[in-house]
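Both of the next two complexes hold chain A, though its partner changes from chain B to chain C.
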Partner chain A sequence: MAHPSQLGFQDAASPVMEELLHFHDHALMIVLLISTLVLYIIVAMVSTKLTNKYILDSQEIEIVWTVLPAVILILIALPSLRILYLMDEINDPHLTIKAMGHQWYWSYEYTDYEDLGFDSYMVPTQDLVPGQFRLLETDHRMVVPVESPIRVLVSAEDVLHSWAVPSLGVKMDAVPGRLNQTAFIASRPGVFYGQCSEICGANHSFMPIVVEAVPLEHFEKWSTMMLEDA
Partner chain B sequence: MLSQIVYLHWLSFSKLSHTPSLPIALPFSHQEPKLRHSNSAPKQAIAEERVHFLIHIVFLKVQSLSTNMLHLTKGRVGCLLSKRAVVGLTNSGARMSSHSHHEVSDQVDMSQPMYWDRLDTPLPDRAWNDVLDSKDKSLKEKEKGPWTALSKEEKIALYRLKFNHTYPEMKRPSHEWKTVIGGMFIFFGITGLVVFWQGHYVYPPQPHTFGEEWQAKQIQRMLDMRVNPIEGFSAKWDYKNKQWK
Partner chain C sequence: MAGEEESDKKNGFKVLGILDVQNTPCAREALLHGSGGSLAAGLLHFLATSRVKRSFDVGFAGFMLTTLGSWFYCRITNAQLRMQQRLIQDGIKNKVMYEGTSLDTISKPKEQEPSL
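On to the complex of A and B.
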């Protein structure tokens, strides 16, 4: 989750998110360099006492400021496309989970082995235990084994929603009547928070997502316990 | 009370004349430039006097509606009305000349040779003073002879016939920035008042999770959960010595 007055991204909890962080650093550096150059030129143009009224054109500078931006764009596009294709690779998941969006909660179905399904509602502010995070906690978390490729099939039962967990680098629209697939690997154990990312009505801001990555034995115990409770 | 302060501040700002008197040390500055074209500065002054009188009336009227809650808006309504009145009652030439040194004439015949004072184009198409009396004519005849025969005053007079402003006069600062910065700060102040009023009268109470104790428990829980342990939050906590790094 984000810490107070955070400006940048959350620390990556999956390999894809690490790649995205590095790409963002690369692209932002290029943007900052260009902006600094432009700002310098603007200040220099505005503050000079010299005038020249007779320049009409110049072929050399036209070539420079056409070729150079094209080169910069290629430098941005190549890493971008690399990550795009990386995310699309066949990943042979260990587990498939269905995340269904409703107004206004998520429901998760683990149907690979047994029929496990449960709803995940936000904990209302007045019911929070001291120390819990307002608008982020849910009554049931989506528990996954750590360091395993997980496939998430995202859909919706009523209106558009979007299943997003920033620290895992995942966002996938939940479209009614459509099954969207995304995948992630949780590289470290922990609890990762996200929020619904497509406007879906009055309580769009109040249907968060919580993913808990635990060692495999804990995951097995948890799923057994959830099945017994159902 | 506050509206009176605002009103007085606004009055003093707009009455400030930013065009300075010519400093004595500049060359040719001891002689006042002969005004060949009408100067629109008096027009501006007259218009401003009229506007100030109108605004005084408006302000008194507005002040007579007295509820305590509206005492801030009263001053602001006065300001808003006065700004609109200034724009409506003056022409663009008068307004421009209050800050810029371009004495704008409203109609210029561009088919005739023009005069200009420009830093980057030094020699205009015609002289400043075309209408010469006999004294000027005789001076112009004398100019055809050796220039060493001219006295300093005669050289200055010849310059003033040919040109309106000297280079230092053209380059003189306009002090417009003081109006701009002052106006900015006034608006910042007004905005600050609005924001403060909003915070006091409009916002609902903060959720209880913003309390000191809850925030402390929250931070402890974030550290226990190892939130952002690589470069972010928990990376800055020294778990061995139980303190921030």
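On to the complex of A and C.
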């Protein structure tokens, strides 16, 4: 999860998010170099004693400052498109989970093998125990097996919501009457937090998402326990 | 221990307020190489021509080119290493899963002799 006053991304928990982080670093380095160049040119222009009121045109510099930005844009676009298509790859999921947005909670349905479904409400601040995170914890987590491709079908029962988990690199709008699909692989066990990312009313900020990635045998025990409790 | 690592991550130095040099792979090396290249190029040009302003320009161009070159080289090497790491990880996982079965690519199961 994010630490206080964090500006950058959270640590990646899926291969797609790792690629996004690397692309972000790449684009940021290019932005840094362009900013340094512009700063240097400003200082040079301001401090020069040379003046020429009669410059009309110059083919060479026009070519340079047309071709160079085009090259820079290609250098940014190629890795960007690579990741875009990587995110769209069909990856033969091991498990499909439906995430339904409501005002103001999420419900999850695991209907591949048995009929398992539960609601996930935020834990109110006064009910938190020491060690839990304010506005992020839920009473029931979405548990998934680690290192397995998971497909998430996202929709909503009332108004627009959005199912987002930053460390997994996942965000998908929940639109009533529409089924959106996204997928992820949790590359390490852990607990990953997210929050509703589409304004949906008074308690939009109070319907978090918690994904818990566990080894397969733990997932099987958890699903058996949830079915028995249902 | 975890707290110390987190505070190091929080306090990473950001060049121009943009690039976190400490926590971005290859950034520190690229900037250091760029600074070295800039110094070398500017100094050599000045020694050859004694033109101060132009030498600064050449030094800056050297910084840009060296930083970019070092950055791309380091990132490409990094990406190849990550790819190899992922292949090795998958190979180990498959080896553990399929060892002794017909799907094991390294050692096939022994053929049983027919009983008489």
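Convention: the second predicted complex is superposed on the first by the 228 of 230 C-alpha atoms of A that agree within 3 Å, B and C clash if a C-alpha of one lies under 4 Å from a C-alpha of the other, contacts with A are read in each partner's own complex, and residues count from 1 in each chain.
The criterion applied here is as follows: contacts are C-beta pairs under 8 Å (C-beta built on N, C-alpha and C of every residue); 3 or more make two chains touch, one makes a residue touch a chain.
This structure is a prediction, so every number in the text was calculated from the model and none was measured.
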{"item": "Chain B versus chain C as contact partner of A:22, first or second or both or neither", "value": "second"}
{"item": "Partner chain in contact with A:12 - chain B first, chain C second, else both or neither", "value": "first"}
{"item": "Partner chain(s) touched by A:3 [first = chain B, second = chain C, both, neither]", "value": "both"}
{"item": "Touching partner for A:53 - first (chain B), second (chain C), both, neither", "value": "first"}
{"item": "Which superposed partner A:133 touches (first chain B, second chain C, both, neither)", "value": "first"}
{"item": "Which of chain B and chain C A:37 touches, first, second, both or neither", "value": "second"}
{"item": "Shared contact residues on chain A - chain B and chain C", "value": "3, 6"}
{"item": "Interface residues, chain A side, partner chain B - complex", "value": "1, 3, 6, 10-12, 51, 53, 125, 128, 130-134, 167, 188, 190-191"}
{"item": "In the complex, chain B residues that touch chain A", "value": "119-120, 207-209, 213-214, 217-218, 220-222, 225-233, 235"}
{"item": "Chain A to chain C touching residues, read off their complex", "value": "3, 5-6, 8, 15, 18, 22, 25-26, 28-29, 31-33, 35-37, 40, 44, 48, 147"}
{"item": "Touch list for chain C against partner chain A, complex", "value": "6, 10, 15-16, 18-20, 23-27, 30, 53, 57, 60, 63-64, 67-68, 71, 75, 79, 82, 86, 93"}
